[in-house]
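In what follows, chain A forms one complex with chain B and a second complex with chain C.
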Partner chain A sequence: MERAAKTYLGLILIFLYLPIVVMIAMAFNRSPLYEMPFTFDLVWFKALAYNQRLLQASWNSIWIACINAVTATTLGTLAAYAFARYEFRAKRLLQILLFPPITIPWLIIGTSMLIFFFWTGIGRGLHAILLGHVALSLPYVIVVVGARFANFGPQLEEAAASLGATPWQSFWRITVPVLLPGITAAALFAFAVSFDQFVISYFLAPPGTSTLPVEIYTSIRKGFTPEINAISSIIILFSMGLMLIVARNYKFGGDN
Partner chain B sequence: MSRVDIQHVSKRYGAFAALDDVTIAFNDGEFFGLLGPSGSGKTTLLRSIAGFIAPDQGSILFDGEPVESVPVHRRAIGMVFQSYALFPHLTIEENIGFGLDVRSVPREDIRKRVAEMLSLVRLSGLAARYPKQLSGGQQQRVALARALITRPKVLLLDEPLGALDRRLRQEMQVELKDIQRESGVTAIFVTHDQEEALTLSDRIAIIDQGKLIQVDAPQTVYERPANIFAANFLGDANVFRGTPAKSGLKLADGTVIATLKPSTGAAIVRPEKLRVASGRKKSAGNSLTGEITQAIYSGASVTYRIHTKVLGDMPLLAFIQNQTGEVLDTGAAVTVSWDKEQTIPVEA
Partner chain C sequence: MAFTRHTRTVLALTAPAYLWLTATVLLPLAAMFYFSFLTASPLGGKEVRFTLQHYADFFTKEIYWYNAWRSVELGLYVTAICLIVGYPAALGLAKYVKGRWREAIFLLIILPFWSNALVRTFSWTMVLREPFNILFSYPAIVIGLVHAYLPYAILTCYISLQAIDDSLIEAGRSLGATPAQTFRRITLPLSLPGVLAAIFLIFVPVIGSFMEPRILGGKDAIMLGPIIEGQFITAFNWPLGAALSFTMLGMVLLVLLVVMPFLNRQMARA
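Now for the complex of A and B:
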């Protein structure tokens, strides 16, 4: 039985990782047409270094993801704090309303944002993409940080106040450090949500500007080049590294 | 190290009166127990003194100065929480030093004071540990040291020993009292545990449904309870109800029992003040005849429940010191007697 379970889990991992492994391998294969035998070469990585469009799109993506992570995490943490520590009207309703955006298809959210931004004069561009990503990441941040608040009552803050800490001191020296594993995980989530985001970015990107996923999509339509494999390999390693940090933090956050 | 005065303090939550016109004067350096069932308002009172709750009416004074408008962090209190509320991300040393650190006391001084506190609570080797590496009793002592290091005007303790097991609790009671005496701080603690209240307190306040029932030394509250609630809440009591008679209290069947002072309609007798003799024979002083319905032998003492005609469904409770090694059987006819001096009139 245990053996069967192990085999089963092994198959799942193969199913998940095999396509990725093939793509990474092909990034290092000299042939652009996936011809065998495999010949190790860094030619596609070198070509990538000269692909200005792809590099520019990568920078855009990284910048937007970073600014998004900082903005969404700050706003989301404050919102989670308000949910956890204050009583106000319609609090329950607001909490419930956080979840639908996670389930609404991105295509629909993207369309509605495009219409809304057009209608309000915000228009398209990197600023609009950033705005869209922040809106999209907020529910994730609030949920992740909120989970951390679930086993962190107001008592620690009360203890700090009783010891003479001002509300400001109490927030920075007690609340934030205790929440830190949650905040870190939320920031990485927000980064990933933005960095992987295609649909909304595609809708909100004006001609000539794009993020990495949008640029990859455009390149594939024009004709596939293994440079995509190269950049994808870099992204995969980067994303997986981030997610491993999330997983670690989250686990340690739980038993702290 | 201060006087604390609570004057006519009331706090309502909607229709519910958590505190109803409570006035208590806490003396400098005393260890004061707030005793009451859960929901009685004792915690509300403690949290009002701390400043976490603003009373609707009345005033709270530290050394004669009103503090209602002073926020928690400037009230100079120390508080020990039931769950200790130690900061999980700080070491024991940092936890204890926190109150000085937020006041920007120089590092060297903090280190010195923390070392003093650690030795006061006998935890000197554990400065570098984190709270979760400590046992419950050790965490309790850290919480105490952390609250005392700022030399608070008043130390507030919310069910301080509630989370400990029985054995440790008894040890910590002694220790807590010693530390309080040594530091001389005015300490106010909340408990629903009568034994804890009796052991620790210089004075006790009994609180029920937001109202102050009685404030007195533990011995006085036990021996001379103000009313039936106080009598039942602190210890066990046999309660007699009736009408005032010339020399005492006239029960429903006409029996008159002699009371210490003229009664107003109720009187109590503590179970250990009763004598139980087999057979039905009237004796001098107060006595009633009845039948044993339950006898529980617990080594040093025997607990009897005795059915009497006049009390009906309410059995008399008697704690008898085991001097002879004999236990009366269930069903045995007995005479219960006690002294007039032990029959305490109380408010109904």
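Now for the complex of A and C:
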């Protein structure tokens, strides 16, 4: 039975990785029309270095992802701390309010942001994209940091308080260091949510300014080039590597 | 009004995150709801009136309700295939593969799931051309979406299957049940929360998908998601787009209402 299970799971893995492997292989193929036979060439990666639009979009993506990670992690950790350490009446309601950003299809969230930001004068642009990304990342951060709180009772903080620490001191000297693996995982997670986000950015990007996924989508719709394969290969290896780090971090940090 | 110290602390801790969520998710949804009843976008000082026309259009014009049905149908196909393929995989992983193998395979399954969805969809355009030649067709959309959401199905089913105590199954066997009977009477009912979670987590985003149909579907891409996208990106009929978005949200809530009681009951039992 174990053999059969492994064979079946092997087939699933082939299905999951086949297109990714093909895409990466084609990024190294000289033919621009994905023609066989395969001839190894780095021409598409070299072409990337001169594609100003893709480079600019990459920078935008990286910056937004970094600012998003810092903002979402900070705000989310504070909220998670309130959930874990305080009892209050609206707690259940606030926890339910985390669901809309992750369960409502991004298409609906994105279009409603477009309407609202336009209407209020916030407008489209990188700042609007950042506003949206933080909203999408917050629920994940609160859940990930909250999970870390689950196996960390208030005893240490109480001990610190009884030894004369102020709440502020015990927060920085006890809570934050103990939570650090969870906070790191949440920050990397938030970075990935933003870096890979396409739908929201697509609706909030004005013509001429965009993030990497939006730029890739535009290129695909115009008719794809192997340059897109090259940048896509870099992105997918990068985000998988990032998630691998999160998985390790989370595992060694927590008990599950 | 004077707040106690406790209330002030809670407010200071939660307010930043929730003000942000209010300004970027809740208020926009409210604004979109308002727009969906207007004859035109109230931008640039245009004269606008209240109307129910856009919602009426959804139910009377075939282009909208028929394509909404196409989205639902796509959701049903993709969810069903993900579960049929994913459940046995989760079962195999939870009950028949042990130790490091299990950890490694589990990680490999969820890894692509956390990578870029757009890029993964794009990668299928290279596989589905020759010799298969089904790029820009309905099956291509289904394959792309199954690829995107299969890890969800495996993940949720695996979590609930893994929680089933093996001794329950052994007890069933020792009382004379066949493997098929223990599966039907013990394993399957106990893993139902995972299945329901998968249904919700797959069906909802698939109804709302527009990028996958656009890239893989060619002329078969016309369904509710791409139509809504078009209202905002090319047609600039925002009130109609808003009404269609809200109709889609209504469909999502309907699914939630159907699935939620089951999930809650299972959660309460666990």
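By definition in this document, the second predicted complex is superposed on the first by the 255 of 256 C-alpha atoms of A that agree within 3 Å, B and C clash if a C-alpha of one lies under 4 Å from a C-alpha of the other, contacts with A are read in each partner's own complex, and residues count from 1 in each chain.
Rule of thumb we're sticking to: a residue touches a chain if its C-beta (ideal position, glycine included) is under 8 Å from a C-beta of that chain, and two chains touch if they have at least 3 such contacts.
Since this is a predicted model, take the numbers as computed values, not measurements.
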Combined model on chain A where chain B meets chain C, clash or fit
fit
For A:A150, using the defined touch cut-off, is the partner it touches chain B, chain C, both, or neither? Pick first, second, both or neither.
neither
Contact-wise, after the overlay, does A:A160 reach chain B, chain C, both or neither (first, second, both, neither)?
first
One more residue to check, A:Q169. First (chain B), second (chain C), both or neither?
first
Looking at chain A, does chain C or chain B touch more of its residues?
C
Examine A:L75 and indicate which partner it touches, taking first as chain B and second as chain C; both and neither are also allowed.
second
Put down the vertex angle at chain A formed with chain B and chain C, C-alpha centres only, nearest 10°.
90
Touch test for A:V178: chain B only (first), chain C only (second), both, or neither?
first
Quick check on the superposed pair: does A:L93 touch chain B, chain C, both, or neither? Answer first, second, both or neither.
neither
Return first, second, both or neither, reflecting whether A:Y17 touches chain B, chain C, both chains, or no partner chain.
second
Closest Cα approach between chain B and chain C after superposing, in Å?
13
Residues of chain A that sit at the chain B interface in one complex and at the chain C interface in the other, please.
167
In the complex with chain C, residue positions of chain A that touch it:
1-2, 4-6, 8-9, 12-13, 15-20, 22-23, 26, 34, 74-76, 78-79, 81-82, 86, 88, 94, 97-98, 100-101, 103-109, 111-119, 131-132, 134-135, 138, 142, 167, 192, 195-196, 198-199, 202-203, 213, 216-217, 220-221, 224, 228-229, 232, 235-236, 239-240, 243-244, 246-247
In their complex, what parts of chain C are in touch with chain A?
6-7, 9-10, 12-14, 16-18, 20-21, 23-29, 31-32, 35, 42-43, 85, 88-89, 91-93, 95-98, 101, 105, 107-112, 114-120, 122-127, 129, 147, 150-151, 154, 200, 204-205, 207-211, 214-215, 225, 228-229, 232-233, 238, 241-242, 245-246, 248-249, 252, 256
Residues of chain A touching chain B in their complex?
155-156, 158-167, 169-170, 173-174, 177-178, 180, 256
Would you tell me which residues of chain B are touching chain A in their complex?
50-52, 71-74, 76-79, 81, 83, 85-89, 98-99, 102-103, 146-147, 150, 156
